[in-house]
Each structure stands twice: as C-alpha cells, then as structure tokens.
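Here it is: the structure, laid out below.
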Amino acid sequence: MARVVVDVMLKPEILDPQGQAVATALPKLGFDGIAAVRQGKRFELELDGDVTEERLAQIRNAAETLLSNPVIEDYTVRVEP
Amino acid sequence: MARVVVDVMLKPEILDPQGQAVATALPKLGFDGIAAVRQGKRFELELDGDVTEERLAQIRNAAETLLSNPVIEDYTVRVEP
Amino acid sequence: MSGHIDTVKQAETTPEAEQPFRELGLRDDEYARIRGILGRRPTSAELAMYSVMWSEHCSYKSSKVHLRQFADVVAKGTAGSDAMLVGIGENAGVVDVGQGWAVTFKVESHNHPSYVEPYQGAATGVGGIVRDIMSMGARPVAVMDQLRFGPADAPDTHRVLPGVVAGVGGYGNCLGLPNIGGEVVFDPSYAGNPLVNALCVGVMRAEDIKLAHASGSGNLVVLFGARTGGDGIGGVSVLASETFDDDKPTKRPSVQVGDPFMEKVLIECCLEVFAADLVVGIQDLGGAGLSCATSELASNGDGGMHVWLDRVPLRDMSLRPEEILMSESQERMCAVVTPDRLDAFLEICARWEVTATVIGEVNDSRRLTVEWHGDLIADVPPRTVAHEGPVYERPMVRPEWQDGLQADDPSRLARPTTTEQLRDTVLRMVAAPNLASKSWVTDQYDRYVLGNTVLAQPEDAGVVRIDPATGLGVALATDGNGRYGKLDPYAGAQLALSEAYRNVAVSGARPLALTDCLNFGSPEDPAVMWQFAEATRGLADACRELGVPVTGGNVSFYNQTGDQAINPTPVVGVLGVIDDVTRRVPMGFAAEGDTVLLLGTTRDELGGSEWAHHVHGHLGGRPPQVDLAAERALAELLVEAAARGLVRAAHDLSDGGLAQGLSEMVLRHDVGVTVTLGEVTGDAFTALFSESAARVVVAVAPERLDDFRAAATAAGIPVTALGRTGGDALVVDGVFRVGVGELRAAHDATLPALFA
Amino acid sequence: MRVGVVTFPGSLDDGDARRALGLAGAEPVALWHGDVRLSAVDAVVLPGGFSYGDYLRCGAIARFAPVMERVIERAREGMPVLGICNGFQILCESHLLPGALVRNDHRKFVCRDQALRVESNTTAWTTAYAEGQEIVIPLKNGEGGFVADDPTLDRLEGEGQVVVRYLGSNPNGSYRDIAGIANEVGNVVGLMPHPEHAVEALTGPSTDGVGFFTSVIAGLVSA
C-alpha cells in the first residue's frame, strides 16, 4: 500500500483566522520568535496498490477539483516514502 | 527565515468523519483505488531567524499543548528545507 | 482477528481461570453473583457485559432505592400523572399534550467526557440525548444545555468552556435542532468537575410511541448507523491484555468522537422508518453499546435473542468480541423488524446511505446468546444483565459541617446602604459572571432552524410550536442551584423545581411534567449519599404538591476532586403545554406606560444568594423558603392571564432578585422603567437583592389592569405596585437611576472579556 | 409557480424554505440531491444546512450531487436560483458565483438578528425591496466570510452585483461587508443570511425575508 499526501493551504492573500489565532496564542504561552502561522489541511490517501504516474495525475485532478478550492487555496501532492 | 511544519492527525483509532466524507466522495467522482483517507491539519510556522535545537524543542512543546490534543491526535514536527 | 476467543465451552471446562473482574469495576460479591447466575465462570464476553451493565452509570445501583419515590408519586395518582404515557424506565418519558400529540423529553449528563475532551465530550452528549428521544419514535424538535464550570477566571474554565460551547453548538447546529435555552453557571465547586448536561425534546403522535422492546419470535435485530470502532472502551482492554490474550492489545481510545452528519441522516432515516411503520421496537446505542441495547431489548420483550456478533460492521478490524459488545461508538441505533418489513427498512437506509445489518434474531429461549464465527461466547438470562443488577442501600450521614454552614448566616455581611452604594451594587451584580448576558455562549447556537421557535434565550422558557395548524406548543425551562443544594439539599431540589416550574408558567404554558439530572459527588461518601437522599425526597415531595410527575432523567455520581464533592446539583427541567403559542408571554418590557407589578412576597432571604456569593464570596445560612402552594397558585394565575391576554410581559425572579429581574426586562428591548420600593419590604437593599421564591414581575397594559388585579386577588396572590414602564433608564425612585446604555455595557461585557 | 427546494444529506433549512415559499404564494417542490431531472420547476432554492457535514469545505461535496448538474445548466439558461448560507457556498463551489466563503474571522459559529442593506433590487430575488432598504433577518453560520480577489470585488461593486451588505459591526470578516451577491444577469443570488427564517412575526425577528420569495414569484408571473 502506498500513501500520497495532499497539503492544502489558503492562498497567501486570503485571511487565515485560524493561523492568526495560533500566532496570537503562541507568545502568550511563552513561545517567542514566530513571525507568522498559516493553518491548512493535510489529506493522507492510502492507495490500493502502487503509485503510478497515471494515478498521481488522477490524484492531482482530485486535489484541484475536490480537495481544494482554487479560488482560495493552493495544493501540493507528494508520495510519502 | 526558516519554516517549520507541524502536521496534526487524528490517532488511527479515532473516528475521522472528515476523512470518511472525502473517501466516500472520491469514487463517486470517478477517482478509484483509494482505500482510505484521513484528514488532518497542517501548520506552517515562519520563524524569525534560524532553527535551533532549543527552538525546535519549544515548537514540539507548542505542538503538544496548543496545536494538538494528545488525547485524540498525534503530531509531527519537521523543518522545511 | 487476533488472539484467543473465550467461549462458553471453555468457561465450562476452565472454571478456575483468573478473571480481571476488579479491574473492570466489579466487587468480589458481584463477581460471585455472576458465577451464581450462570452456574459457571463468565466468559470474557459475558464478564464484559455484566461489568458495564452493572456499573453505577448503567445500573443505578446506588440511586435506585431513592429514585423509586418518583414512581410512587405517579402510582399514587398525582394530578398530572394521567398525562404521562410512558414513565421512568424507558429511554425517555412521554407526556400527552393534547390534540393527539405526545411529547418526550429528557436531560442527561456528559460531565466527565467533557472534562477530558471538552469539544467532543459536549458534542457527543448532545448526540446521545437526541438518540434517546429518537428511540421513543419521536422527531427531535429542540435541545437545551445546562453548563457549570469553575470560577469564570480560572485557567481550567478557559480550557473547558470554549470547547464545550463549541461542541454543543457544533453538534446541535449540524443536526438542525434549535437550541432554546439552558444555563451557564460558575462556582468554585465545579473547578475540575464541570457539569455538561443536555436536554432534548421530541414530538410524535400519541399512537406512534415506540418502545425498546424486542417481541415476536423470528423478528430481526438490525444495527444501523455508524460502523463500530473501539470508542470509549479504554477500560475493557484489560480483558485482552491481562488474561486471555498474549498479543499486545491495540490501543483503544477512551474518548468518543461524534459525527453529527451521520446522526442527522440517522434522524431522517428513522423518521421515514417510523412514518412507514416498519419497526416493532427501537433502541439507541449509548453507554455500554451493544451490551446494553441487546440485553435491554431482549429483557423487555419476550425474553430471548440470538446475536451474530461477527456480522457487526467494524471500523477497526482488530476489535475483539468483548470490545465490540462494549464499544460506545456514536451514531448507532438498533431496530427490531419483522421479516416481511426488512426489505422496506433496508431500502430506506440505503436511500440515506446508512449502513444497516441484521445482527440478530428474537426467539423465545429466554436467553441472550451471542455467537462469534460459530462459537457461542455468551449465554445469559438477559434480565440479569439489564434489570437485575445489584442494588445498594449506601450508608448516609448528615455531614457534621451542615449545622455550622447553616448557622453562618449572611446577616453578618456588610450591605450597601447609601444610594451610591446601591447603584454600584446593581451594576456590579448585572456584570457578575452568573448574571451577565450569556450571548457570548448562546450566539453560537442556532435558535431559528425548523421555524417553530417562538421563544428562546434569553427568555425564561424556550417555547416551540409543535403543530402549526393549531398553534399548539410546548415550553421548557431548566434550573438548578448548587449553592441552595449545599445549604439544604431537600430545599435546594425543591427550589430548582419551583424555579423551572415558574419559568414555564411565566411564558404562559401550563406545567405538566419534569425530567431531572442529579449531579452529585461519590455515592460511597455517606455525606454525599445523604445529600442525594434529601434531594430526591425533596423532589418527590414537591412533585406531589405541584402535581407534576418525574418522567425520567439521569444520575451522575462521582463528580468530585479527591474527597471534595461538587455542590449537590439537581438540574430540573419542566415541560409545559400552551394551546396557542400566539398567547405566549415574553419577558421584556415592550411598551411605554405599562403598569409594573410584583407578584409574591419578599422576605429578607440572602442565604446562598448571588449577592453573597459574588460580592462577599460567602456561602452560608439557609436558602429561601420553599412555598409550593404559592408557586402553584402563582402558576395558575399566570397561565390564566396569558390565555386571556392580560399581561404584556412577565419575568420570574430568582438569582440576583428584583434588581436583576428588572434589569433584564429593561434590557430585552431597551424600554426603561421607574419603580418605587416602598411597599416591597423594609429596606431598599433587601427589596432589590433578596431571592425569595414564588415571585414574578409583570407588565400590564393600562386597559387590562383591572382585570388582572381582579384575577390576582381571586387567586390570592399578593400584588405590589412597582411603577411604570418608559424612558431610557432603570430608575428606582429616590434611590438611583441607571441609563440603559450603562446597564447594557455592564451586562454585556463580562463574558466576551473573559473568553474572547 | 413551482419552486424547487433541494434536499442534500445534511440540509437543515429545506423545510423552512418550502414553508417560506408557500407563505409567499408559490408551490414548493421538494427536490432530492440524487435526482437527475428537475421536475418542471420554474426556480430553485438551495437551502441552508451542513450538506455532507461540511467536513471538507462547505458545499464542496454537494456541488457534485447529480441534481446540481441540471441546476447549473438551467441557471446558465436564466432560471432563478437562490442559494442561502450553505446554498450560497454550493453556488460558489459550483462557480455559478465568484469568490468563496471562509471561516468566520472570530472562529465561532454566530447566530444573530442581522441588519442588512439591500444594495440591488434588480436581481430576480430582490425586486420587492427598495434600493437601500434596511432589513433585519437571522444570520447563522460558521463559515460566512465572503472572500474574493480585489479585481473580482471591484467588478462585483461596479456591476451592481453586491445584493445585500451587513450593517453595523461585520459579523464574520466578510470582505467589504458583503452578505450576498448575484451573477452578472441577476438570476443567481447567494446570501449568507436566512430570509426563510424571517417570514412569520411569531418565529422570526421580522417578516423582512418574505420579499426574496415574492420577488421571484412576481418575476416569473410577469415573464
């Protein structure tokens, strides 16, 4: 079984209240030196069988149409070792 | 500026309704061969300055106490190249 | 499948095998009793079933002897008990509200899980109570939540409260059930022991009531909803690890995660199934999961059932049979279906994409038998699991500190005397965490969905229309004051009931029945047990006098840190009926020039008051006097006045007294009031802050004043003229004036400042 | 006048939308997410709720429901479509409307009586209002912040496609206080607030919501 990870993050110009909340909370808890935080989603897809180029293309397609909304989000797809 | 990524995923034994929703939707859209999907959170932390062992330890601490709930979630911390 | 499976055959041949019954919470004598019932040692599946079903939570072993009083009230035919269609013992009680409609409602606790994982604990608390209501055959129509936390500024409160509120909202909003009211209370006694209670109310035609009964040999037992995972069975892993299995047990979560979307489709699926009359009996899966559902269904039916446990759809394939029996995975239901209706049943499930599986069959063996891949792993008389658990008469002792506490009267506390001090105290009190606006919480809850919410927070009672054609509706209010309970648990329980009863009546609804959630410390502490006995006795006595029966509820013990128990906190929810919801009475001043009247008698009663608590951190003396006859007369007057349209607004007085009551009436629609206190009682302070019970403030339009006064006189209710509505301030003539803006700023700022 | 209301798994306000349409004088028709045909309806409402639990992104999965194929097609041909709350999110995910709806800036669900200004009364769903009219209807959502890039926002403003705007404090961080928008033609409208909860004085904060439903009926009658 192979695992493919899709990371989906809000585009930099879109407001990210969750990331911001973390960024505000960190110094209050004594964690300093963090300039910015963004919060996104991580999908772990377990495949039946191997990762082929064709399947990766399929997954990229799913990432683009279903897992992310291109109006506000960017995604990356990678095979986990 | 350095970037540290914290991935937070539900522990495998915990119900993941979000991942399940994606797993059910994918085949309906014609994406086959995906055995399971888990959905988690990805935090991107931008640091002022360099990543030191001490700061990493701090971030691990934040991941454990603020970014995740150890009762139901696991996390990993890694420095982005 | 891992490891070795313990079968009935093996139990017979290895009678001396060591079993981890103590780790599962069973006492030596309880274990011996199980062996006696079975005539052999239990299998590990049987041990799992008995241990969960005989736990305090499922068996009510410490509370049973006391709860019997509630059934006695009904048996003795209290006025009102004839409205009860289904009483204690079923998933929830059902009340006849007329015109062929029946209403079911129940309040339940999810205290401990909400402490461990606030969001999921609270969310699954809502999910659980909603399934209880569905299992009666009803459509859930509204929810309420009763929340208690440590001090508002305590770090742990900041950890727990936002998650609990988000969880209640997250689950309830996603189900599409309006939240119509609840409570948020802060008190040091709940630090480390937050109370998260949730109430659900459902509606059905009286003839459509469903019961958790498995009758009819040959009928099929269908499990439907979510797949079964290892949720909430941290405890049973000892079965696998310590005795029968050498494999390392997989990790089992002790926290349950809810899936409100699954529950929403489950609701719709159940409603279609009910409408098509496809089930004989139905049962939700809550605490103790399948152990509870199968043994209760079998025990309530003709007495026999066979279960093919290996057919249960799993989320985690490593689960062992005893774990499957105990799993508390959420969003599951069990139905008993006749074979000829099975296809129709499964078709509806398929339409909603709900997994449904036949896992068992009803028979007349009088045994509950469980099979795992061809092996018999349990063979028990179901009643001994579900209904014939141990019953204890726990020792009770009135605590020796009780007298000292009652003697420590608030009369020694410094009271405000100057007009300036009184004004400050009013502003300070409306901003107290317990009295401040709860909008920060309630704005996170959908109160509009379903389109039948007639009154919701911050009104005294939630009112929902149940029949748009006729305007028939129900009202619900819940209350519980742990400080009163600590000072006098008997009176405290009666005051909780009195207040909820009064809140229903002020809205114009006739109180009919009640549900309760009894939150206490450890029953093994004789002082706590005494508190519990006093509270239940007080409640039963009050039910008899008010003519409202207990239809069901929940007991939550072990709410304590070390040997420090929470304040005894019986939460009482009263259900009322209103024939025409357009006649409901809201709480706020709505027009200028209405006459404002105080109904009831004000005494110098500040023991356990919010003033003593907030201003002095004091708890001592006696709670306000209980006067059930006065409550009853007052309620009758209010219901009559509503039906005749005599009052424009009505608001009950409780925590914070008249000052708080008037402030809330002013703030509702920013309509001011000018009052004089001369006739209320001796001094302005007592008039403003005493918490005497059986009191209500009403606003009456000039043209209805004579009629209302006549009705009050006929009812024997003392009436004190307070003043007149109008202006933009709360004015106490000759004492102080507080502008609406200043009052609102004080009232609204507290919770956002604490939790934003 | 037959107006369809789609029920997705997890829809919550479908019953309320049907009730509102009935009160406004239309014949409400229940549509099912799995339907491949729109049984002769003249307009469609996509109601509020949490379709598919809103687990991935609000409206992301519902957009792929079989019924949506026909709704999208008919909307492009000019059939009036109103998306309320979750319905608005579905319309954005379907690209019938520009932009997207994101988590409220305060990260909490919010339910409140919301003051709004009707900015455009030329859409299929707002002709019953006066331009600039102020109304109060319930708002309830967790992900109601409308976002789009600046050129899109400028275009929406310039073309009169901003339909309603929040008055008073912004309840969710919505860009430019936008509460609802329309497509270029004005037949497709998306709103975060819930007009279907403001159709009876007894249960709503006002009856200001009725106009959305009477507008579409009037338009269809005169068409």
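Observations on the structure shown:
Letters A, B, C and D name the chains as they come in the text, with residue numbers starting at 1 for each one.
In the analysis below, a residue touches a chain if its C-beta (ideal position, glycine included) is under 8 Å from a C-beta of that chain, and two chains touch if they have at least 3 such contacts.
It should be emphasised that the depicted structure is a prediction, and the values quoted were computed from it without experimental measurement.
Counting C-beta pairs in contact across B-C and across C-D shows that the higher total falls to C-D.
Chain centres here are Cα means. That of chain C falls 36 Å from that of chain D. A separation of 34 Å divides the Cα centre of chain B from that of chain D. Centre-to-centre spacing of chain A and chain B amounts to 9 Å, using the average Cα coordinate of each chain. Each of residues 52-53, 55-56, 61, 64, 106 in chain D touches at least two other chains. Contact with two or more other chains is made by residues 17, 20-22, 25, 29, 39 of chain B.
In chain C, the residues that reach two or more other chains under the touch definition are 259, 261-262, 353. Contacts between chains, counted with the stated touch criterion, involve the pairs A-B, A-D, B-C, B-D, C-D. Partner chain B is touched in their complex by these residues of chain A: 1, 7-9, 19, 22, 25-26, 29, 31, 33-49, 55, 58-59, 61-62, 65-67.
Within the complex, the chain C residues that touch chain B are 116-117, 120, 226, 229-231, 250-253, 255-257, 259, 261-262, 315-316, 329-330, 353. Within the complex formed with chain C, the chain B residues making contact are 10-11, 13-17, 20-21, 24, 69, 71-72. Residue ranges of chain B in contact with chain D, taken from their complex: 17-18, 20-22, 25, 28-29, 39. In the complex of the two chains, the chain C residues touching chain D come out as 166, 169-170, 173-176, 259-262, 264-265, 352-353, 442-454, 465, 581-582, 756.
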